[in-house]
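Once you scroll down, you'll see the structures, which are given as structure tokens.
Look for subunit A in each of the two complexes below; its partner is subunit B in the first and subunit C in the second.
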Partner chain A sequence: MAGHSDSNSSEKKSSEAMNDVPTFSAENLQNNMKVIYYSRTFMSIIGGVLAGILGFTGFMGFVLYFLVMAITSIGLIAKAKFSVHAYFDSWNRIILDGFMGGLMSFVLFWTFAYDIVHIF
Partner chain B sequence: MGLGFIIGVFGVLILSHAAYSTIQYRGLLKIMEEEFSGPPMNVVLELLLGFVFCIWAALTVPGKFLSIHPDSEENRIVSLSANLDFMIFNHRAKAFPLEIDMKLKH
Partner chain C sequence: MAEDLVLDTAIRDWVLIPLSVVMVLIGILRYFVSKLMRSSQVPDPKIVKEGQVIVRARNLRAGANFIPPKSFRSRRVYFSNEENGLLFVPKGQAQNAQAQMFSDPNMAMDMMKKNLSMIIPQTLTFAWVNFFFSGFVAAKIPFPLTQRFRSMLQNGIDLSTVDVSYVSSRSWYFLNLFGLRGLFSLILGEENATDDTQRMMQMSGFGFDPTKSLGAEKDGLDIVQHEWALPKFEHRAEAVLKKLIR
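Up next, the complex of A and B:
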């Protein structure tokens, strides 16, 4: 009886270990991350140009950045056909990655477009 | 150079035209000696259109997502050859005893 329960628990343990080991193709994950970075960088540049032409200054521009990034996230999730776990190992990859790097190019193109349209 | 790329170029062109219209609008305001409160309606519409085009380009140009599951259709390592239908097992060599059977007997 004891032996039986023992083997049962060990079986359970081994199956749990099988579940814990992440089994996914790292190459394809890297390819997906590359696609995400590409999209985010391009969208932050476009968002910066948008904010500059609209003449936003200060806090409003950052609100626009958040809005653009949210729209991009929704678009990426739609591109993954709403089954995020088939293409990424966690939600953070599709929602947060590339956010800070995009902010830098956003500010650059925001000031660039604002200067061209409103100052010169 | 797919359809998405052309749409993206078109979106950027629309955005630059919107920027040019805003510059002209500001020149007009300077002549009329009024303050700038916001871009005119046609510029806002143009910006929205260009933005939608650019989203389209940003989502289609970088490429497709690939499945990371090892057991999905695309990632199969083991695959069967395509000519399985042409394999014949019912031929004259069936009359000879199998090698494995010979080994078992002796």
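Up next, the complex of A and C:
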């Protein structure tokens, strides 16, 4: 997973206690979201090939997709050193962003690998 | 499934893989062609000026809480007063974006070029797939589908008993069309051709109207609740320093 993230402001940590103005750099935030998008796309392709080679059909494949996405989220959180608010403005960014975008790629590579390995 | 179909390996070697490879190569080709055709037009100074004004107003809005109330108010008046504020657009002067677009043939030409670079390869590939690879089962989708999908996914195959998850090459083409978008964004960088065309479609829908965005920025600036952050910073500094001492 290409997880190069720019830290923005380390003062964010005290923001829970102080309730002060949010300070973050929009460019770094955008860069972080791009990183999330890339890693999700990459992981959905890998997950699709994996599901196809393992021969999952039907519901199992989608379960695997959710599993892969969950692993990606955990990996991203670990990459952010478990302090999500230092890198993103909300939890939704790291957990939900790009979730549906990778589904088509996943289905394509799933079908591709499944057909090549199991059907022919 | 009781009756599993056995597909010829020639289908894999001559339909499934070539189709995907061709789609990927066409996507890459389209990216470079659209890059070549993108004419670097000289931007209109008025539009550039308005864009810079918008950026400055946005910066003011983002950093509003870091300057004293008086400074903020004077800056806001500078931007949005009703006589000669930078963001204020007189009613009669707001020209129609649609009319402006038609008066400038370069813009329409550029848009047409971009749309054509999208449509032509797609039509050609679709015709190619229809002509050469129709009339047989090309792939099997690994999840069950309802009967409704039969007419869409299995056209060219006139067998009503085959399971719906066996699909023709046309469906494989569509699956590629949608699924490869993610791959393109990985190998071509973010500004790939599909994103570009999507943006163009959005723009051609309502037209880029600088006066409208000026007005929106003015409204946004007007409703900013100013609250100077500096007095609170002493508390914050105190907290940080206390933490350091401990």
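We adopt the following convention: the second predicted complex is superposed on the first by the 98 of 120 C-alpha atoms of A that agree within 3 Å, B and C clash if a C-alpha of one lies under 4 Å from a C-alpha of the other, contacts with A are read in each partner's own complex, and residues count from 1 in each chain.
In this section, a contact is a pair of C-beta atoms (placed from the backbone, for glycine too) under 8 Å apart; a residue touches a chain by one contact, two chains touch by 3 or more.
Everything numeric here is computed off the predicted structure, so don't read it as measured data.
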(request) Go through the superposed model and pick first if A:Tyr87 touches only subunit B, second if only subunit C, both, or neither. (result) first
(message) Between subunit B and subunit C, whom does A:Lys79 touch in the aligned arrangement: first, second, both, or neither?
(response) first
(request) Considering only touches as defined above, state whether A:Tyr65 meets subunit B (first), subunit C (second), both or neither. (result) neither
(request) Answer with first, second, both or neither: which of subunit B and subunit C does A:Ile116 touch in the superposed model? (result) both
(request) Classify the contacts of A:Thr57 with the two partner chains as first (subunit B alone), second (subunit C alone), both, or neither. (result) second
(message) Let me test your reading of the model: by the given contact rule, A:Ile46 touches which partner, first (subunit B), second (subunit C), both or neither?
(response) first
(request) Give one of first, second, both or neither to describe whether A:Asn32 is in contact with subunit B, with subunit C, with both, or with none. (result) first
(request) Examine A:Phe24 and indicate which partner it touches, taking first as subunit B and second as subunit C; both and neither are also allowed. (result) first
(message) Tell me the contact category for A:Ser105 with respect to subunit B and subunit C: first, second, both or neither.
(response) second
(message) If I apply the document's touch criterion, which positions on subunit A are contacted by subunit B in one structure and by subunit C in the other?
(response) 34, 38, 42, 52, 116
(request) Flag every residue of subunit B that touches subunit A in the complex, lowest number first. (result) 8, 11-12, 15, 18-19, 22-23, 26, 36, 38-39, 43-44, 47, 50-51, 54-55, 57-59, 61-70, 72, 75
(message) Applying the document's contact rule, which stretches of subunit A touch subunit C when the two form their complex?
(response) 11, 14, 17-18, 20-21, 26, 34, 37-38, 41-42, 44-45, 51-52, 56-59, 61-62, 101-102, 104-112, 114-116, 119-120
(request) In the complex, go through subunit C and note every residue touching subunit A. (result) 7-9, 11-12, 16-17, 20, 62, 65-66, 139-144, 172, 175-176, 178-183, 185-186, 190, 229, 232-233, 235-236, 239-240
(message) Per the contact definition, I'd like the list of subunit A residues that touch subunit B in the complex.
(response) 23-25, 28-29, 31-32, 34-35, 38-39, 42-43, 46, 49-50, 52-55, 71-72, 75-76, 78-80, 86-89, 113, 116-118
